[in-house]
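What follows are several structures.
One chain, subunit A, links the two complexes that follow: it is found with subunit B in the first and with subunit C in the second.
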Partner chain A sequence: MMNMMKYIAGTLFRMLLLLVGVSLVSFILVVSSPIDPVEAYVGSESNISQEQKDVIAEYWGLNDPPVQRYLTWIRNLLHGDMGTSIAFKKPVVQVLEERFITSAALMLTAWVISGVLGFMLGVVAGTFSDSLADRVLKTFCFVMSSTPAFWIGLLLLVVFAVHLGWFPVGFSVPVGKAASEVTIWERIHHLVLPALTLSITGVSNIALHTRQKMMDVMKSEYVLFARARGESRWQIVKRHGLRNIAIPAITLQFASFSELFGGSVLAEQVFSYPGLGNAATIAGLKGDVPMLLGVAMFSVVFVFVGNFIANLLYGLLNPEIREGGRV
Partner chain B sequence: MRNVNRRTKTLLLIGMICVILLGIAASGLVMNPESYAPDYAAKKLPPSAAHWFGTDYLGRDMFCRTIKGLSTSILLGTLAAGVSAVIALVFGILSATVGGVIDKMISYLVDLFMGIPHLVLLMLISFALGKGLKGVIIGIALTHWPNLTRVIRAEVLQIKNMQYVKAAERFGRTKVQIACEHIIPHVIPQFIVGLILLFPHAILHEAGVTFLGFGLGVDTPAIGIILSEALKHISTGMWWLVFFPGMLLVMVVMLFDKLGDDIKLLIDPMSAQE
Partner chain C sequence: MEHKEPILDIKNLSVSFRMYEKGLEQKDLKVISNLNIHVDEGEILAIVGSSGSGKSLLASTVLGILPKNASVTGDMRYYGQPMTIELQQRLRGREIALVPQSVEYLDPLMKTGKQVVGVRGTKEKQRLAFKRYGLQREVEELYPFQLSGGMARRVLVSTAVIGDAKLIVADEPTPGMSKAMAEEAMSNFRTLADEGKGIILITHDIDLAFEYADRIAIFYAGTTVETALAEDFGRGPEALRHPYSKALWEALPQNGFKPIPGTQPYAGSIPGGCLFAPRCLYKTEECLGEIPMRTLRGGEVCCIHAD
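Right, the complex of A and B next:
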């Protein structure tokens, strides 16, 4: 028990240290930009005088030394204040909240589908390696790992939305309908294609990993022995395979939050889906500094949570660590 | 082909892939801009013998635009993969041989870069450099080293603990001498394979950020731009604007992947004689 606590505390500390570093890097990158936040705020065609711009700059603390600005930002951040988004004209925290709910629906669906599907495909391919099914899956995964997520989205859009007309071309709800009138079915209807895009991209990684592990298990001596005892193939898979490969697969799936987020940025752009990724793109293109920093920090925490869970699972479920060994 | 062994076959395949990739890069460089200039007489044409990939709403020939875009991608990918691989080599070797604080710092940096979603990091860097092409190039070049650094570090650590390296140490060879004579020759194959396998990532990320609208201007023939324009006109049903450029991009990425795998088979002593 002591060892477990120590492991958790150690992991948490290491990851907090990373979070500090990431916030510093993001901040340095954003403030070193030649894009003037005041110009971005007032817009180029407005006739606001230089004095007024100076007042805004002073009010935002843009004239303070960078170190002080960083500390102020962190202090406000810890109080839950991330400033006001220029592009959305709302507090950043509020935008993040709204958009995260929309994105979460998308990412969670894709995460579960790609995880379950990838795992099952991997188990089948690994159990019957070199069969036709295995070769088909391997080719599919090879092609998928070379295919950008947004192109898959575009293809789905062309086939299912434009030519067949089964699904809407974009957005998360029907255009021109009040938010209160939107039914859950309409939301799902809009979610299908983006979620499918993300799922297809996510499958290959987990499937290939599971396939490899399954093949290793099938080649092991304990499986040979089990076969000699007369266990059927299904019994072997159930007793010796799944137990050994489920944990690494779950860990891998948690550790893939970074790719999931990156994929959702692209998928949301394709489907004009108003989620976090879409907000990041808008913020980056419009020079919305508070929003950009907000999304960046959020994505880092998101990845951090995934990695943390992966590390915990890895530690807690791995007998070597549970018994007090070191990895 | 019966009397040709696998080694020769693989070499032939590597040669062919190189020729194709270099061919695309070169033909994009020497291509006359006229060939993908707007031609209002030939707007929105589906694929035909005259326009293999069809034309867009301005009558630009999509085949030429795609080749030009891929050429840019390949050149950019080369630069980015080269820079990132060198960073990875230096960091990996430093981390494994010097150890101590340097090792901790480099490992921290690796974790740091892997803690931000890659695309978000690229956006931040692009923003920091005031958008534009420069931001994309520098962003792609400076962010692809963490994985390879880990690989090289692990490789060097393994070699460092080999008997013959220990023996060399006892004979009084300095750290620099050991690094140059015993470690680097073993790491070079890993390095070359890692370098080539960086290309696909670099190219896909370049396509991704330009697709989002960072970097290149709207008229530049880049795959990301072509596809984001196709998205704008997607409801007009011009499927060829989406299908062919993406298809070719996937093929180039797969060729690089195959190239990396084949070279790995050849220079890895475990599989070289198979």
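Right, the complex of A and C next:
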């Protein structure tokens, strides 16, 4: 129990350090970016005078030295205030909340599909390694893992949205419809292509890892012994295979939060899907420091929690860690 | 005297592996050649030989669990019936049991009890087997990594007695054990043999084999050069038949530690004729021809000069 408390305290401390580090690096990067937030805000064709622009810059505190700006941001953050987004003209917290809900639907769908499908494909390929099915799958996975997500997104868009017209080309709801009138089916209809894009890129990683692990298991001494004791291939997969690859697969699944988040930034951009990733891109292009830092902080917590869950589950599921030393 | 059919009778067995060499060129790598052994009910046949002589492969061959790229020729019979793949499938885990070397052969994530039951046993039989080897009920709930060395040994033997095995193949059951533990393991096998089971004991510990086995088959480069009675080893090199067995005897620590020059040929570079000929003092022209296994002084030998 004492160890557990120590572990959690240590983890929280590491997360805190990471948050400070990431926010600092992100801040330095945005501040030194050539994009002028005021220009980006007013647009190039507006006829706002230089004096007015100066007033805006002063109001946003852009003229303060960077160190002071960063410290102000930290101070406000400690009070729960992440500032106001320049691009969205709303408090950052509110944007994060709205956008996350949209993103969560996308990421969760892709996470479940790529996890389940990748696991199943990996099990089949690993069990029958070097068979035709395995080779086809392996080739598919290698091609997919070396293909950028946005390209797959564009391809799906061209085929299914433009050519076949089965799915909308973008957004999460039909354009020009009141939010209250949007049905769940319309939401799902808009979700299909981005989720598919994200799943396809996720599947190969999970499938290849699972395949490798399954092959290791099939080559192990305990499988040889199981065969010697009359277990059929199917019984071996069921009794020993799944048991031994489940832990790494689950761990990997939670540790894949970072790829998931990274992939969603690209997929959302291609499909103009109004999620967090999309918000990050907009914030970046407009030099929206508070929003960008907000998304960065959020992604840190998101990925960190994923890894933390992976670690916890590993300890919980693996008897060697759970039950400790020899009796 | 009633003549009973041997449990396992192997004649002229050869095992080779198909390997790929440089690109697509295939090559058959022969690892066991012209091997002859038989095991009767109630006896322990020890198979001794240095590492790399193909001993462990023999276990996989008998059980029919060789890798896909292996091919087997020769005559293998179980109680007189030809050993087909179907028969092996039916027998393994039932009438033929393997006792592996170490706890590594147990699934690390499956509790011992469930694992010993396997797919062909029952909970009751597992409890009986545990009781027989003095394993507490709690051991059922332990994972393999929680077993002590002695417990692991007994758990592994339990897997063999849970079914109604007639033939038990023990693959190197004693390395890394203390003298007392090895003796306990061996006396367990002796008891099983005395109950009428046939036991193939694959080992490189000649002393233990001599002490507990009935007959000893000497392995050299994937073949049996001699099958001797265990007593022959006590009587010295004159009682043994093959030049290699005699050399092996003289190489034992208690007999002077005398080595002979040369090395065992590697699989893939197996010479024709007698495999020991390149190192043999009695080598003649005839040794390069086909050498059959023949009966001699109550044992068997694969040498034309032995008398």
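Just so it is clear, the second predicted complex is superposed on the first by the 266 of 327 C-alpha atoms of A that agree within 3 Å, B and C clash if a C-alpha of one lies under 4 Å from a C-alpha of the other, contacts with A are read in each partner's own complex, and residues count from 1 in each chain.
We take it that contacts are C-beta pairs under 8 Å (C-beta built on N, C-alpha and C of every residue); 3 or more make two chains touch, one makes a residue touch a chain.
All values derive from a computational prediction rather than experimental measurement.
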Combined model on subunit A: subunit C and subunit B, fit or clash: fit
Which of subunit B and subunit C A:80 touches, first, second, both or neither: neither
Which of subunit B and subunit C A:65 touches, first, second, both or neither: neither
Which of subunit B and subunit C A:235 touches, first, second, both or neither: second
Which of subunit B and subunit C A:287 touches, first, second, both or neither: first
First (subunit B), second (subunit C), both or neither touched by A:165: neither
Which superposed partner A:243 touches (first subunit B, second subunit C, both, neither): second
Touched partner set for A:227, first subunit B, second subunit C, both or neither: second
Per-residue touch tally on subunit A - higher for subunit B or for subunit C: B
Subunit C versus subunit B - closest C-alpha approach in the superposed model, Å: 5
Subunit C residues within the subunit A interface of the complex: 60, 63, 65, 89, 92-94, 97-98, 100, 104-110, 118-120, 142-143, 145-148, 159
Residues of subunit B that touch subunit A when the two form their complex: 108, 111-112, 114-120, 123-131, 200, 204, 207-208, 211-214, 227, 230-231, 234-235, 237, 239, 242-243, 246, 249-250, 253-254, 257
Subunit A residues within the subunit B interface of the complex: 17-19, 21-22, 25-26, 28-30, 32-35, 142-143, 145-151, 154-155, 157-158, 161-163, 169, 258-259, 261-262, 265-266, 269-270, 280-281, 284-285, 287, 292, 295-296, 299-300, 303-304, 307
Interface residues, subunit A side, partner subunit C - complex: 221-222, 224-232, 235, 239-240, 243-244, 247, 318-320, 323, 326-327
